[in-house]
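In the two complexes below, chain A is the common chain; its partner is chain B in one and chain C in the other.
After this line comes the complex of A and B, so read on.
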């Protein structure tokens, strides 16, 4: 063998180019989630979208009706009221975000018993809507604690049946959403605040910035991703609010507190008009998408800077 | 040869399974909110049936009242419905119209039909066919708090006999004690039943007719009482549940309800229960009483319709209905069971439930489920409810509200 010359080895060529291989591996990891998402999210979404153009009652096969469901929705005053109420519900968003941020700032301190406060604000989040709704039902009743306090403080001329009032009822329900949701956003903001590097705040203080300036020009800009997440989540939650209205007013009196999702529920489960319900749900989803796009645009890097 | 042996062996192995598959049947039986109070009764009922019918097993599922409609719909859509399901008349009507239930006419013998009170079986006649067997009924009574009555200067030995008297008593209680006298059943679509109790028609020849001056006056009467604060605002929102809560707290003079709710009063506030007496449901011009009726229906896609009907007939037979009525103040829908001395003879030291039983049994011939069954049930009932509530809150006049509702109904009927 001594005299023989070894054949020059050809450089081994990878079966796939590195980028392609990396992508393939990534998709392999994603595959289980994608399969589940396809089965439980994308397929129902596609089916629901198709149903929006059909007459369907679950028990008989769907019948294609084109834009008939959407025409009905445009002409149905009850849907108009429900959609307006859902948009009115967006009033909760700025209130809950501001309050949750302030609460997060308040509990983001090293004080004795602070963990207890954090937990206390979070308790409503883990309380079911059925329980919370029932509890607030009693509090809002004619002989409930809300009227008792209002009368004692001289704020009310007479006891109100808050959840029966055609105008006030929706705002009364909004307060429950506010009370129940505030702890959730507080925890998110708290996580955001604790991720802000201390050195940056301290450096600003060394440079002579006051507490308000540090918050406005250092902390708040660094909270941008949390702000985007929280406002987006609460906007979508407000648009699709259902449980509190269902439990507390059922949409009444005379449909004045119905929201878009309650309308969807009534059409689907009480009137068996699933095609119509799907069309209403689709419209709410599109409105939600538009609001999401608006949020992402407002909070984009270099976008609107309120601070 | 070997192949033949193999086939024979396979057939031999499969045979017991095939045989078991044809003879062993499992029926799924759904009830509404009967656990935990009536667990023993239902379990024993099923055990006896299984003993009498070898090869048939019954799986009992108890559903909460708020969820049964949706769960049934989901199971129908998924193709896994129960075989026998407990439904009230509105639920049965809605599902029958959506073709979710099976018409039972062809599965019933003539003697099966004559077992029940005619009016009650007729309540389950939807679009000309029977979609349920009546199981139990609970005509309302008036339970009243004698202490509140005494404070109002009313005689506890003289309960109201007519609707007008009931209203007069309620006014007096409010005027003299400051407590509300009653929470009348005028919320939601109950006014449709009130119209019939007042002798006024709802439908004639398939058209809605509840907008005559008589109907308007009837609605006007309740709207005025509401606006003059003679019954609480939450009557419209919370209905009989709110009424039971308020009565149990000692904050209501009279409770108009099915006698079975006395159980809740006893459970939640014994002091009020001891102050409770029971009077008959006051009659109006129609001389008829709306009594919510429970029945057993068979979903359209059940695989065992004959066995399901057989089991439903067993559950609703005289003996089993009577046994059920002995443990809770409800009433039989079977004629023979209703003739039992249990419903006519008052025991020594009677409880309010005992009195309610005797009073209600006397009124049983006047009791009927007055639920109005129309196509597009859910949609039309919502339109009615919204218009009536608009009248109660002064957004429409009673006349306008009824005319709007009638117009909506007739456009869809």
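After this line comes the complex of A and C, so read on.
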């Protein structure tokens, strides 16, 4: 009966008052997680923000420089390119969401072998970027599959050096992000679709609504929480894109495919300009927050009703 | 009759579409496997070869023999085992009071944990490395796994499972004089098997695939896990695509095996994560 408040028949005198004791036990359970979260999640948030206003390169102690880092970033053309690429990367969001939703609708039915297809679409999700990047690098090679298919279908005038092309390379990497992410959002939409009550859709069918109408007026509005979650996750992920670019192009050619986080990585771990890296990271974080806010605003009650 | 024909036709079209999409998602793997199994001919040819030429396992034996892939593989196993067991322990401990105890600050904690899911953590990249430097954990596996052990998604996933355990069971144990720790270890954890498995699988994939953080923290290439090691090797052996392809297949294999056996936990884990 130790730690129990339901039973007042405490034997002899307890060392601590029961309520205090219960709290102590609770916090003991939580201690490992709280210590780790404080050290690696909460503290970095605060310290990183401070670091953005300092000059720090590990050798010398941090020196307060005010807005100097931000001024440098505004004037650095490499950061401009990286930031622009990160914003361009948002193009992948509508494409991936639409494809994942259509895919979820496609596999959300009882068909022989449908589980196998769902699994096949999910496999890219569980692949590491290291392996995915290697595989796609080969496919994008001069004599790779992408060029072959493109030439065969008459989509390409000539074979391209996809990952060495200053403008195409970024879109080539985007396709990999698309390929790797579809299955993830498909499963989330599938979960959302299966939560839609079947009676509602059937009632609409009885009332004479066509398939498209049922989807637009019954299913889609009920999917709104899932849509909000998926597009939000996808937007934040697109702003944070780093690994696929690092593996596939390393930011090249001539820094043309660098993203904002690749810039942060390079400043921090190649040039050891920690303050600058923190400032760039903070800017990405603020942009992410703005997009989240915009997102919630667009999806606010009654916001998504173009039909 | 016409109706039946239309339905058959519809099904044929549907399966063609499903197979077409599967080809898009699976093709890179099939091609890599074909490259890894080929022991003759050139790697890049027009038109691309989809079936291995002179198929054999020679590339696999050679990659294991000539490159430190075996070591990388073992490193990955150690790192993943460390990460998964740590995550399960930290999260299952933390989820218990959040689900089944009443104590001051609980609601605030729940809110603070939830907020970390929305807060962007780009700055963490830089500062976490500095923290590890101060703790002298750079170039150690502890340094690699420590920042990810307290997974907030994992805590909420397990909290959901703990909430479903009948209160009478816990009360009975308390009447019998069991301590909270004993209740957690003997009742709560054993009854949350599926949720723990789901978190275990998710955490396995995350740790096995993790790549940028080990790359930053580990400075000694002998300690690299497979994902990092592969890229390192690709830099050194850029010309020998077949060996690297064999290495890539080896890196994928454990994930595919786990995926085949734990498919429903994958899916359920994701659902739990969005509803939790």
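Going forward, the second predicted complex is superposed on the first by the 266 of 307 C-alpha atoms of A that agree within 3 Å, B and C clash if a C-alpha of one lies under 4 Å from a C-alpha of the other, contacts with A are read in each partner's own complex, and residues count from 1 in each chain.
Just so we're on the same page, contacts are C-beta pairs under 8 Å (C-beta built on N, C-alpha and C of every residue); 3 or more make two chains touch, one makes a residue touch a chain.
Computed from a predicted structure; not experimentally measured.
In the overlay built on the shared chain, the residue A:217 is in contact with neither chain B nor chain C.
Applying the stated contact rule after C-alpha superposition, one finds that A:187 touches chain C and leaves chain B untouched.
Of the two partners chain B and chain C, more residues of chain A are touched by C. When the two structures are aligned on the shared chain, A:250 is found in touch with chain B, with no touch to chain C. In the superposed pair of complexes, A:141 makes contact with chain B and with chain C alike. Applying the stated contact rule after C-alpha superposition, one finds that A:131 touches chain C and leaves chain B untouched. Of the two partner chains, chain B is the only one that A:164 touches; chain C does not reach it. When the shared chain is aligned, chain B and chain C each come close enough to touch A:269.
Of the two partner chains, neither chain B nor chain C is touched by A:297. In the superposed pair of complexes, A:64 makes contact with neither chain B nor chain C.
Counting contacts by the rule stated earlier, residues 58, 141-143, 269 of chain A appear in both its interface with chain B and its interface with chain C. Across the interface of their complex, chain A is touched by residues 14, 17-18, 21-22, 24-29, 31-32, 35, 43-48, 89-91, 93-94, 96-98, 101-106, 109, 113, 116, 118-131, 133, 146-147, 149-150, 152, 155, 171, 174-175, 177, 179-180, 184, 205, 208-212, 216, 227-228, 230-231, 234, 241, 244-245, 248, 251-252, 255-256, 259, 263, 266-267, 270-271, 274-275 of chain C. The part of chain A that touches chain C in the complex is made up of residues 1-4, 6-7, 22-23, 25-27, 29-30, 32-34, 36-37, 39-45, 47-49, 51-52, 58, 103, 106-107, 111, 115, 117, 119-124, 126-136, 138-139, 141-145, 148, 152, 179, 182-184, 187-188, 191, 226, 229, 236, 240, 242-243, 246-247, 261, 264-265, 268-269, 274, 277-278, 281-282, 284-285, 288-289, 292.
Within the complex, the chain B residues that touch chain A are 69-70, 73, 76-77, 94, 98-100, 232-234, 236-238, 251, 300, 376, 378-379, 382, 385-387, 389-390, 392-393, 395. Taken in their complex, chain A has these residues touching chain B: 57-60, 78, 137, 141-143, 161, 163-164, 166, 249-250, 252-255, 266, 269-273.
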